[in-house]
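Each of the two complexes below includes chain A, the first together with chain B, the second together with chain C.
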Partner chain A sequence: MNFLALVPIAFPMALAVGMHFVEFKNESYKRAYLLGGVFLNFIFAMMVIFVANPEMHIFKINDFMEIYFKVDGMSKLFITMTSILWIFTTAYSFDYMHHEGKEQKFFTYFLVTYGVIVGISLAGNIFTFYIFYEFLTLSTFPLVIHTGTKEALASGKKYLIYSFSGATLVLLGMILLFSVTGTLDFVPGGILEGVAINNRVTAAYVILFLGFSVKAAMVPFHSWLPAAMVAPTPVSSLLHAVAVVKSGIFALIRITFYLFGAEAVNAMHVRGYLSILVALTILMGSFVALHQENLKKRLAYSTISQLGYIMLGILLLNEDGLTGALLHLINHAVIKITLFFCVGIIMLRTGYKTIGEIRGIGKKMPITMGCFSIASISLIGIPPTNGFVSKWFLAMGGLQENRAIFVVILLVSAILTAAYLMPIVITAFFPGEMGKELENSEPPLMMLIPVVVLTGITVAFGLFPNFILHFIQGISRSLIG
Partner chain B sequence: MENIMLISTVLIPFIGAAAGYVIGRRDERLRDILNAIMTGAVFLLVVLLYPHIGGNGVEMEIPDIMGTGLFFKLDAFRYIFVFITSLVWFLTSIYSTQYLIKYKKRNRYYAFFILTYASTMGIFLSDHMLNLFTFFEVMSFTSYFLIIHDEDEYTRDAGKTYLTMAIAGGMILLMGLFLLYDYTGTLLISELPDAVAYMGPIKYIIAVLIIIGFGVKACMMPLHVWLPKSYSAAPTPATAVLSGILAKTGIFGIMITSIVIFNKDFEISRIIFALGLANMFWGGFLAIFQRNIKRILAYSSMSQLGYILMGVGLIGMLGDHNNIAIHGTLFHIVNHAVFKVLLFLVAGIIYMILHELSLNHIQGFGKHSQKLKMVFLVGVLSVAGVPGTSGFISKNILHEALVEARHMYQGPVMSFAEIIFIVSSSFTVVYLSKIFIAVFMEESDKYWGQFKNEIQKRALFPLVVLSAIAIHAGIRPGYMFSIMEKTEGFLGGGGHVPHNLYTPEVLYNTGIIFMLGAVIYYIVVRKGLIVKTEEGNIYRNPTLNWPDLENYFYKPLAKSFYWIGYNLFKHVDHGLVNFFTQIGALIAKIGDLKIDMGRFKRKERNKAAPDNAGAYMEKSGIEIKDIVAGMGERTTAAKVKENYATEIESVGQIFSRTQLHMNSIIYALFIFAIILIVVLSYLILRT
Partner chain C sequence: MYNSYPLIIILVLFISAFAIPLFKSIKMARIIGISAAGISLVLSILTLIGVKANGAYYFRVGHFDAPWGIEFHIGIIEGLMGVLFMTVSMAVLWFSIYSIDHDLSKKKVPLFYTLVNLLVGSLLGIVFSDDLFNCFVFIEISSIASCGIVVVKDKKENIKAALKYLILSSLGSGLVLMGIALVYSLTGHLNMAHIHEALVSIYPEHSRNMLIAIGLFTVGLGVKSAMFPLHTWLPDAHTYAPASSSALLSALVLKAYVILYIKIIHRVFGMSIVGDLPVLNIVLLLGAVGMIAGSVLAILQKNLKRMVAYSSVAQMGYVFFGIGLGTTMGLAAAIFQIFNHAFTKSALFLSAGSILEKTGKKNISDLKGIGKEMPFTMAIFTIGGMSLVGIPLLSGFNSKWNFAVAVIEAHRVELLAVVLISSLLNALYYFPVIINGYFGEESLEGKVYRNTERPLKELLPIIVLVLGVIYFGVSGGGLLSLIEAGIPALN
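Up next is the complex of A and B:
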């Protein structure tokens, strides 16, 4: 029994406590503390998942209530992704939050959330997962209401209500499932071996799926996500495009493939109904995004649509589909965080928030908008970028299920993605007649470097996807077939 | 060694584009020299690769790129495309240095010009559909920057049309590739023919999707709407490569699909054949009416691409005797690249000097400019197909192929096709005479040869080279035929090809076409389109007001798609919020009873004020959705309160205020409660 796994969970929380109490002499000490701390935790996390590989039972009240951590392929994937993005976001946040104010409070909760996310990824059973899942809602709530305006408070309330209502469904689902199986551990292939698929199991799956899909912003539970865009941009980018929403997706993968198993889910005959909701999510996100003037809202609806892709991949229940879903989990995270960072830079440097205001901004910040363009192209799914690779596998998965309609939906949504992102790029770079003010307003390097590096990753994963692809295919092969 | 040379033809331009951009920020002259040397070097590499193209050609594979690996192949068929690409790019790079002198943002232009070059080479060399698609998409995006270079309203609009069609076409192509891969399990072009052979009718769906995707670039009707706009919007060297080479990427894709992958399927070929005829006719017809010289040439490109498409169709339709169609098509591909680039570059020189493209303004410009007149004349004669030029050879081989098809498939349809061919060829004569007579024959007081010195040698050099090729290939087509014979293995040809076209019969046919052309020119252009005024002739263009496909079909289609989609999914977005809000509003209306709170006097003072919040909202037009947008937000309620500081309470007021406060909670709780109830009742009822 070792407590190694607790280090990457507890360390950021300890840092957060430090952040709350320590008064830093100057800005650069604080930056060193935060960036160093986050980076150190990244190292810890990597050591824990790749070297130590622990499995441990922390404490156990009964079979239902047991805190248990385990490392497997999914947790490796999720921790690596979030940790790397956390470093970038920390670097990006310094200047942004300096402008926004209340930095101390922000970074405290920001660090707590990091620990919670690591906890979510390491959780070895659904109960542990659930605990951290609730913590996630609580620790991100202060970040959503950060600005303290009425709008922010209202959005925060909405966020809380949605999340907790979803969690209620999850709790009910857990109880139902436990009553059938007597265990709640995550096992590849599911824990339903030898259990007949009866109504109770089906109900448990549906209710767990719906409960977790609240965080994954599935229709009709999505409306907290656009509302939460009142939060500062680092929160929108890391939490509402990566950590929070992806933990919902992560949960869906956990329950589908680690609790119920692909075969059992397939036997339940509820996939059809759920995929209707998912298809609605994809199309609704894209269509409504077209109508949003506010850049962040536009990206939020785009996130809803892209999360739909991932959920579709999960529900396909075949190897290619799951590979596509996992790839898109990573790729969408990288792409969307880049897009949000760019929008954040625009907001910080110029104060512009809507598409009408950004005419010609590409001439002022060519690097930022250049990265935005590449990320946009990637999100549409044009090769040689990573968005194309995941779309390829999703489409293959859809065709294997003989559902060409899904592929059509993906492509229609891709065209709509082009329709809502390309105008931003075009108005930014080709404004037509406009004034001659051509001062360079690129942001400080600390903000620019994450954007550029992430864009590089976007293209690199598109050109050389094999490294990550083989890892993901290993996971999906172990879960299906 | 061949492998290194092969990959260099793509890598050098990719690196060169970046290097040129960096260097160009310091020293533009150095960049121009670098570009010329680089494109020249690539051209040289391509020439040096010629001995290796026999048999299977040069093949190479780099694993792991894009997951599948990068597969390049250079055989005789691809060599033809690669050769004209490298030649044309080399010449236009030299030409651009003078053309662009007065332009802004040259550095950006050159970077994307060379990037487009690299990706175009990639398209022609790819032996894997996924690689091909990748380069195809990269090319679509980089060429967008060339089209939009001027950044004015017109180019922005043209660029928008181009980009929209390119992305939509790309996605349709991708759908085809998904299906193809799903059914065959491979996308290697060399493996696909065998894999496709046993496919059911689904192959027609796949073929149509892929051909639509490529057809956008090949300006196939009815996907050509971007062409006239983009061609006239782009700077001329870019237009030249757009028409001469980039359109060929679409042709290349269609040939690979219909001839190689689907092994000359008759049904597919027939469709391409018919569309080719339509292109040929309609492009030629519209070209007659245009007065912007670039637009005439753009529609002319559409018409000439129609010839090529017809040839591609014939390759599939002629079965074992298709060699004649193979030779005609490939020859015309090369010719079109040569003479259309030539014509566009001359048009560019005129624009460079006068900044005018309308025939009404440039009339008589070239009368005293002998050199320009000579090269333009060569281009004109070649497009029209006058004996002694390359166009004569390719057009007549295509005509022979058509005649052969007519013999093979008797019937009125094929005779009609031949009539279309002859009429379209005479249209070619008409619109070219229109340009040539207007620009180089008409007298004008404005121009007496004062611009001679502005045309530099480096701009003229490409023109001379191209016209030399046009004439040489017309007189001695033998070496062209020898390359095309090597492609027969890949394209699967057979049968006899007439190498000597200077026979009485062919010349007689050509004579008819020219006679017909002269008659149409006289009746339509001279009598119909020219209005004689005191200041000289003015050309009219009646087609400007004709309904076009873009504004009358595609745009309304896209708009209604968007409108329906948005209005449908808007409700999904607001979901049940709207529903519950409506119910709340209804309750508020029903319970609209005033309760006296003992403050009547204040109400008297505020008589103008509506007596409850619901009515206030109705009157001021605040929609329910505004309230929803600010769910839980108190601003509206607060506003009501501020404006009408009345404390008269009604049940309705209480309800509507509750509504404003409780929306998100009601919604969320309702929906989750409903789910809980459904699930629990499901469990109770079914167990």
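Up next is the complex of A and C:
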């Protein structure tokens, strides 16, 4: 037996234990420990998925409860994305959390969550996935309520209630599915071979979809996400634009293409109803974002809308749609984390939280706001940034299904995206009157470098999408076809 | 060689119980009480190993044959229960070394050990015995002893709670006795196997009488094992009793009566008769209602121990739910739940009792920030709570999964909703305690780290119980297959 896959899961947790108990002599030791540890784990993860490529059965409680890890294309994609973003977030968090306080607690749970996310990516069956999915809720909860204020606790409670209700639905769906198939392993193309599509299978799919879509912030289960914006910015950016919501999306891809299979889902005739919810998610997220004065809340609603794109791509069930969905999974993660980092810098350096206050800030922080602008343009989907590429594929997928309505929705939403992001850029750079005198300008380098590098990645993905595109097309071809 | 061990276990416990008052020192009481329990634990493990290897057997007490003499029937289930009961009571007795002095006056401490050994001995008697009247005798002993460990703490509310418990419990015993009398008048037998033979042959003409008899057993044992809505005595008794007593009452006392009920359904009447009658459906319904209502009542509680006590009502609901399904898988799930609840709830009661003892705070609202003052005790409480909520890799999750599988196998998919809603409701009352204990700026302010924490040494017995919770969560498959292997011997 080969226990390699456990290394990138257990190592961050061991780091977390160290973080909890060790008193660091000075700040730079702690930074070296954290950054070094996270980077080391990135290397471990890369070695596990690209070199060792293990498939291992850890232990079996009984037929259905089996802890089982496997590496496939999807887990490579997800693990690479989260690991790289984790390194950036770690670097960014040092100064931010120094200001916010209770760093030790923050980094402890931050590292635990890293291990949990790797577990989610490597899970080889839905039971293992479910275990880490539950742990994800538990390990991110302390991060959400980090500030410990009444408001934070209320949001945390909301987060828990939504997450556990979703997880309960997932459990129900798992049980129903297991009663039909007798296995819960992730297999490309699904495990339903030779199983008639009856009401129970359909119910299992719908229940699983709804259950996981809670974390993916689908309307009407989305309201925990804006509420969770009370968390410190590194938490919002990493957990609520990347790790938590994306593991919801990741789960939807797993169940749709690895448990049920595109053909079976197509045969169920429930896609129509689910896509109504998804279309609603896209449009409602955008419309509500328009009205948000608070910058972080505006970004949160934007996330909801963008996640809708990805879910739409999944539900199209064709190759281009899935390619678009996977591309957007990556692109949105990179873009949204950049946007959040920029907003976090503004909040840290000036204390401003709303769009009205940031008038003229671009003059003082040209690099930060420049990166914000590029990321905004990318999210709207203007070439040559990466957002354009993923939306192109999503639109192609929609046309293949002869559903022009989806293309219309995408376009309307793109306009709305411009409508809620561009005002921020415009107020920052083109003040009607001169802005207030700001004392602080650009943040320390440790915060600025991640933002700049991530913006570079955004542009690079837009100019040279082929490398990642081929990889993703390989995955979608293996799942549909 | 192991054949006579069950009898020896009961004798050791009883004799030690009566030996304790002869010495007037607390130290001797502890030595005798705990060493008797230790011997019994070893013997029960040996019995289980023997039964596992060689199958179920009858043991004739005093070498008289069945209609005249009393028989024990020991199968895997009985063996498992023996080990479970002795393990939990060992852990509780171990814990009581550090804790019971705070609750009781010095004079009462030896009495506590007498009562505990009497109680555990009589509960094992109920589990092992194959003779209905013999069971009744043990029921009476256990009723008195369990009221005793409530009232041994000489407070006003304890006396009140014990009286309530005594009255309702005696009512239950009375109903059971009437049931036994009815069965005896129908068949002329008290031995379970003999009754069963006779009942099957006279079933067609006496189905009404049998319905009444089963009804009497259901209500009588239902009162004693807190089947909703017959649970009204439980919250008072479990709340006011000393922590060690609460743990025993919820982990073991409730369970012995359920085992007897299972034996009455499966051994005395047999599924061929019970399946014809509407009883199991009613048990299923009451179990389902109890799963929901117990949790709803728990959510409404302000007192921590009372909340944990109401949670027992919900957890016992699961057991009756499993019995009510009437399938082998349902029964196996119910017995697995007995294990899960025994370990989890005793850990919860002991940790909740520790918090009460160290801080003097009863109410949940006063316990904000307790996670900083008693981090380890609260961690134990957290694991217990999460097990009951159904977080994977803890025994509660396995238990719920078993119920889900049983429900699907019985073709009653709609009942899945009950199982899942009930586990969600569990989250609604355990999580607030945990969250307010560990998190929140306001709650943690002014609290000193490990201010009122017990020494780790004193927490060890609870840690042992929690390890059981984790063990059954991680490798519950072995226990479940063992239970499934033991079920045929019940019939």
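As a working rule, the second predicted complex is superposed on the first by the 475 of 481 C-alpha atoms of A that agree within 3 Å, B and C clash if a C-alpha of one lies under 4 Å from a C-alpha of the other, contacts with A are read in each partner's own complex, and residues count from 1 in each chain.
The rule we apply is simple: contacts are C-beta pairs under 8 Å (C-beta built on N, C-alpha and C of every residue); 3 or more make two chains touch, one makes a residue touch a chain.
Predicted model, so just to flag it, every value in this text is computed and none were measured.
S.K.: Based on the superposed arrangement, let me know which partner A:Pro220 touches: chain B (first), chain C (second), both, or neither?
M.R.: First partner only, chain B.
S.K.: In the superposed arrangement, does A:Ala395 touch chain B (first), chain C (second), both or neither?
M.R.: First partner only.
S.K.: For A:Arg200, using the defined touch cut-off, is the partner it touches chain B, chain C, both, or neither? Pick first, second, both or neither.
M.R.: both
S.K.: Applying the document's definition of touch, where does A:Tyr130 land relative to chain B and chain C: first, second, both, or neither?
M.R.: second
S.K.: Under the stated touch criterion, which partner chain does A:Ser28 make contact with: chain B (first), chain C (second), both, or neither?
M.R.: neither
S.K.: Among the partners chain B and chain C, which is in contact with a greater number of residues of chain A?
M.R.: B
S.K.: Regarding the shared-chain residue A:Thr168, is it in contact with chain B (first), chain C (second), both, or neither?
M.R.: A:Thr168 contacts both chain B and chain C.
S.K.: Pick out the shared contact residues on chain A: the ones touching chain B in one complex and chain C in the other.
M.R.: Residues 150, 157, 165, 168, 172, 176, 200 of chain A touch both chain B and chain C.
S.K.: What does chain C use to touch chain A in their complex?
M.R.: Spelled out, the residues of chain C in touch with chain A are 389-393, 398, 401, 404-405, 408, 413, 416-417, 420, 423-424, 427, 431-432, 435, 438-442, 444, 474-477, 480-481.
S.K.: Sort out for me which residues of chain A touch chain B in the complex.
M.R.: Against chain B, the touching part of chain A is residues 150-151, 154, 157-158, 161-162, 165-166, 168-169, 172, 176, 198-200, 203, 206-207, 210, 219-223, 227, 280, 283-284, 287-288, 290-291, 377, 380, 382-384, 388-389, 392, 395-396, 399-400, 404, 407-408, 411, 414-415, 418-419, 422, 426, 430-433, 462-466, 469.
S.K.: Show me the residue ranges of chain A that touch chain C in the complex, using the header's touch definition.
M.R.: That would be residues 59-62, 64-65, 127, 130-131, 134, 138, 141-142, 145, 147-150, 153, 156-157, 160, 164-165, 168, 171-172, 175-176, 178-179, 200 of chain A.
S.K.: What does chain B use to touch chain A in their complex?
M.R.: Its residues touching chain A are 64-67, 130, 133-134, 137-138, 141, 148, 151-153, 156, 159-160, 163-164, 167-168, 170-172, 174-175, 178-179, 181-182, 562, 565-566, 568-570, 572-577, 630-635, 664-665, 668-669, 671-672, 675-676, 679, 682-683, 686-687.
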